[in-house]
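Both complexes below contain chain A, partnered by chain B and then by chain C.
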Partner chain A sequence: MVGNRFTPYLFLAPALLATAAIVLYPVASTLWMSLHDFVLFRPHSVPFVGFGNYARLLADEAFWISLWNSFVWVGLAVGLQFALGFGAALVLNESFFWRSAARALIIIPWALPSVIIGLMFTWIYDYNLGLLNDLLLRIGVLDGPVAWLARADTALLAVVAALVWQGFPFFAVVILAGLQAIPSELHEAAEIDGASRLQRLRHVVWPGLKGVILTALLLRTIWVANSLDVILVMTGGGPGYATHTLPLYAFLRAYSGMEFGYGSALAVVLTLFLMALATVYVRRTMREAFR
Partner chain B sequence: MIERRSRLRRLLEIELPALLLVVVAVAPYVWMAITSIKPDSDIARFPVVYWPEMPTLGHYADLLARTSFPKNLLDSLIVATCASLLGLGLSVPAAYAFSRFGFVGRRFLMTQFLTINMFPIVLMIIPLFVAMRALGLLDTVLGVVLGHATFAIPFAIWMLTSYLNGIPKELDEAAMVDGATRLQTITRILLPLAAPGIASTGIYVFVASWNEYLFAMMLSGQNVRTVTVALQLFIGEYTIQWGLLTAGGTLVALPVTILFLFVQRHLVGGLTAGAVKS
Partner chain C sequence: MKRRNFLAAGAAAIAAPSIARAQATATVRWWYHFDNPQHSPADLVAAFERANPGIKIQAESIPWGGGNDYYTRLYAALVANNAPDCGMVKLGNMSRLLEMRALEPLDAMVDSWAGAKDIADSLWTLHKAPDGKRYYLPLQYVVLYLYYRVDLFQQAGMAPPKTFDEFLAAARATTKGDVHGFGMRGGAGGHDHWGTFVLGGGANFERGGMVSPRALAANRWFVALGRQHGVFPPSAPNDGFRQIVDNFKAGRTAMTIHHIGSANEMVQALGDRVSAVPVPRGPDGKGWTSFGDESNAVFAASRNKAAAFRWISYLSTGDANVEFNKFTGQLTVTQSGAANWTLHPKRFVDATAQSVPIADALPNVTQTADFVRTVWPTNMQRALLGQIEPDEMMRAIERQYHG
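This part shows the complex of A and B:
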């Protein structure tokens, strides 16, 4: 194509400048802050502490609890979202007359704002008036109401359940699209060869879906590991540290504690953990994009 | 006989699970909507009243007449519209460059835009807050919009690049051979063809901005307050006013759910960026 060799950079310049200002500058600034003892209400005394904030982490019990909770949170939430979404995709891949309505309705949780999801589930989990206690008492599973979000042993699971609800449609939609990309001739050939439904799943569906599933899992793991709004709305991290995850702890230290230096160090540690996953995802996607 | 049995089997193996899934997917939202039309006396009763004898729109009337909610809706509308327009304004030219030119640093820059999309919000939000405070942009529409641009720009660039890649290059080459300038080629050939992709990208950014909470909470205040932040404040302010809260939640979720249903088909490709071949 004709044109000056600077033309593409001209088209890119606005986006690059904006990104440098609102993404790269903040990230660099977070790295800088993480090496300083920066407290908001003491803006003129910001001593350099080197890796002091990071050293402090190691002795911080709340950090270790948050880290462990993050693993539980990501493992359970992503695992269950995937299982439910995979099941949903298999069901919705069959034909029945109200299938398109079912497909549309199933996406609703994905579209809702996290704050509303937090709100809805807080209401459902309510100790005095909640739907969950009501239903479980009626069918006799519970003898008395449970304060789902206020008990250390149920709070994290209750929030995970809300996130599973929010996230399973993503897997359902992505896997369904992958299923439909598998040519129907393959299914027919396998059926003629006498393959059972399970064998077809193993030898026809799985090889065709592997790539899609891995990408979706990576993307979702990164997303869930980063997300803190649903927890923030539902429990604020409590009771105690029961629902503290790493991003939430970083946010609370910076926002409520005004300890920007320490909060930044926590954010950097979270990013380092995710970097490995993000690298794999980015590599795969770039390979696809530049085939 | 065989026919009927297999029909029953299909019902049990496919339609029943599908129905269950749909119920799971919509139940919390439906429950919120039902709660919003219950009179306070019904809301406060246990065991739970599943359907009110006297449904009421009173909570909606209260919400719109007695709280700041209408102003919050307007703020959210303005912020999401601006975020969407800003995102597109910066991303359409960038996507054009990525899609139509080969240049030094192309692959590197595309990788960077994909990578920053993975950055945790907590990595950026504190310095953004400090910078906005220094620039006097806290509690302004521009401040919140710039916060939302952090995810809007990289996402829109990727989605639009993949859409533009689907439009054959020969079309713009033919136009330029016929004597059209680059600008004419873009505005008369490429943009009309890319309109559906641009529209879905814009709608997706709108929905994401409307739904966003953390940036809006950190960067807004008394003057500009989006609905998600306002609702969260209601939770603290009126702890037991579930009628108001559920009415607000129902209203906030409705428009974006409808918009989202329109664009989700395009979204799958953008989200997994080519992993699903449609």
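This part shows the complex of A and C:
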């Protein structure tokens, strides 16, 4: 019957409409806006410029600096978060008397709002009053205080460190869950066979965790790549372009310059990069769903 | 007279005969921002509503966020046809608002308002639009001056500087160990510091005015204060308002530039160890300091323009304006209010008054807002860090204004 053919679509329609309204429309609107010279304080003149905004960004020094900084930002932040999270998960998987408390406490950085973390680290790095300078001066590592956030060679690394502290619990918790899912019989069998700790890590733990880790890395990369809140609070992108990343630059062009057309073009470029990662993630999840 | 009574009396005094023409139950939406979110204009609203029973004021506090948050919301509200009837605005954004055709000319209403004569002619002149009309009603103002630490200057045997050369000598003499001579603001809002020395030294915003030999020399001299003479703290490229004030209060800087809005906080921390003088002047005796304005405007799409003007004119009237400035720590725009000013120690009021002759606002053009928020801080920071030459910074500013 015809009615039966359309029944599934009728059931799906509300969800599809909601998705169209909150996802497809903004995406289409951003794409359309990126083809116009849309300046918010010139609402009466929004000329169509085709790919003019995209051509402009190719010649924009700040775009290329922001793009490079984005790669550094994502590579360092996600890489260090993973390394720290993996180590923390291995420790938390061992038996010690305050393990339950440690597992609960490790969540705190992840649970704190990004703005609070940004402000907290801004004061830790403060030139005059900062905890970091005080500590390094006391133990004799430094001869004088360092303006961590005001130097081009340290600002990005300082912000990355703040984000590493915030994000490593995500890896720790996810990997810990993966570790606990590995049957203890496998560990015991490997131990009986005389495998060392390193060999157990390579031949038992890693195969059991590979899927979890790849999914966590993909998700975290996407989140870090489009996050700007911690940078905005700590440096606003400065000094100069030292901590400009692509999402931050798009935000600043849109909300400081009011250039919504150019800001949209920057956002579209960022989206294309993230789409590549998202495609890998979706293909992985689809493969697992149909396995 | 109790505060509520005199506010009500002031409100009644400006309720001219035209009050009968106002809508019977008009609701006026007014956007405002105070640095201290705990301050509330509720008493002023209540006094006004008692004197104007046909008008309800819906006062909406909008986050300032260095200006970004406030204006992004305002522009978005204007584009979405959901703007307030009136709101607080600054001169730097007038041209953008005019380009949006968002402002209502106030000339006719101002001409029939008795309180207009209580506002100095010089303020009216500063607030006029390029087309000669009046869209802004002055509400408060400040003029930037030079704070100096009396104790540190005495130790160094220096007098407060009047010229650029004296400034450099004083900054170098007070730079010792952890103390730096000048607390420079390299983050957002720091163009005021730069303007004192570069605009005061011969640069201007006319075509070619940023790349003239005098302008380039003035900017090189300013950048050298940090890079060669080391009189700025190393944190200067990112320092904002909080850092320059805290460093000065803690004795880590001997001078900085700000306005009377921070005077009470400074005195509370330092007492007589802080004083102020007008900013130093350039070799030709000319100078420049920033005129910091705040006005109210009625938006063109408002359906309650008469009622909105009645409210904003009340806020710029005598006692009500003094009361308003208690929330912001700035100066009254009324001559009657200024005559009995007690909100700040006299030496800071004097420094402000002495600075007025060289005070000016940035150009009233659409490029200014982005200059303040992005172009100046980014290029200044890069120049201070040695990533670009000072001349490149000036060329970037020239491009921002003239392509």
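We take it that the second predicted complex is superposed on the first by the 268 of 291 C-alpha atoms of A that agree within 3 Å, B and C clash if a C-alpha of one lies under 4 Å from a C-alpha of the other, contacts with A are read in each partner's own complex, and residues count from 1 in each chain.
The working rule: a contact is a pair of C-beta atoms (placed from the backbone, for glycine too) under 8 Å apart; a residue touches a chain by one contact, two chains touch by 3 or more.
None of these values were measured; they are calculated from a predicted model.
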Using the superposition on chain A described above, determine whether A:W64 touches chain B (first), chain C (second), both, or neither. neither
When the two structures are overlaid on chain A, which partner does A:R5 contact: first (chain B), second (chain C), both, or neither? first
Taking the superposition on A as described, I'd like to know which of chain B and chain C A:H44 touches: first, second, both or neither. second
Quick check for you: in the superposed arrangement, does A:Y255 touch first (chain B), second (chain C), both or neither? both
With the two complexes superposed on chain A, say which partner A:A150 touches: chain B (first), chain C (second), both, or neither. second
Given the superposition on chain A, which partner contacts more residues in chain A: chain B or chain C? B
With both complexes overlaid on chain A, does A:T215 touch chain B (first), chain C (second), both or neither? first
Mind working out whether A:G236 is in touch with chain B, chain C, both or neither, as first, second, both or neither? second
Touch test for A:N128: chain B only (first), chain C only (second), both, or neither? both
Touching A:M286, do we find chain B (first), chain C (second), both, or neither? first
Overlap of the chain B and chain C interfaces on chain A comprises residues 128, 255
Sort out for me which residues of chain C touch chain A in the complex. 68, 72, 75-76, 78-79, 96-97, 99-101, 186-188, 233-239, 246-247, 250, 252, 366, 369-370, 373-374, 377-379, 381-382, 384-385, 387
Touching residues (chain side chain A, partner chain B) in the complex: 1-3, 5, 7-9, 11-12, 14-16, 18-19, 22-27, 29-30, 33, 87-88, 91-92, 94, 96, 99, 102, 104-117, 119-124, 128-131, 134, 137-138, 165, 169-170, 173-174, 177-178, 181, 211-212, 215-216, 219, 222, 225-226, 228-229, 232-233, 247, 250-251, 254-255, 260, 263-264, 266-268, 270-271, 274, 278, 281-282, 284-286, 288-290
Footprint of chain A on chain B - complex, ascending: 10, 14-15, 17-19, 21-22, 24-26, 28-29, 31-32, 35, 43-48, 89-91, 93-94, 96-98, 100-101, 103, 106-107, 109-111, 113-116, 118-128, 130-131, 146-147, 149-150, 153-154, 157, 162, 169, 172-173, 176, 182, 207, 210-214, 218, 228, 231-232, 235, 242, 245-246, 249, 252-253, 256-257, 259-261, 264, 268, 271-278
Note: in the complex, chain A contacts chain C through residues 40-44, 62, 126-128, 145-147, 149-152, 155, 235-242, 252, 255-258
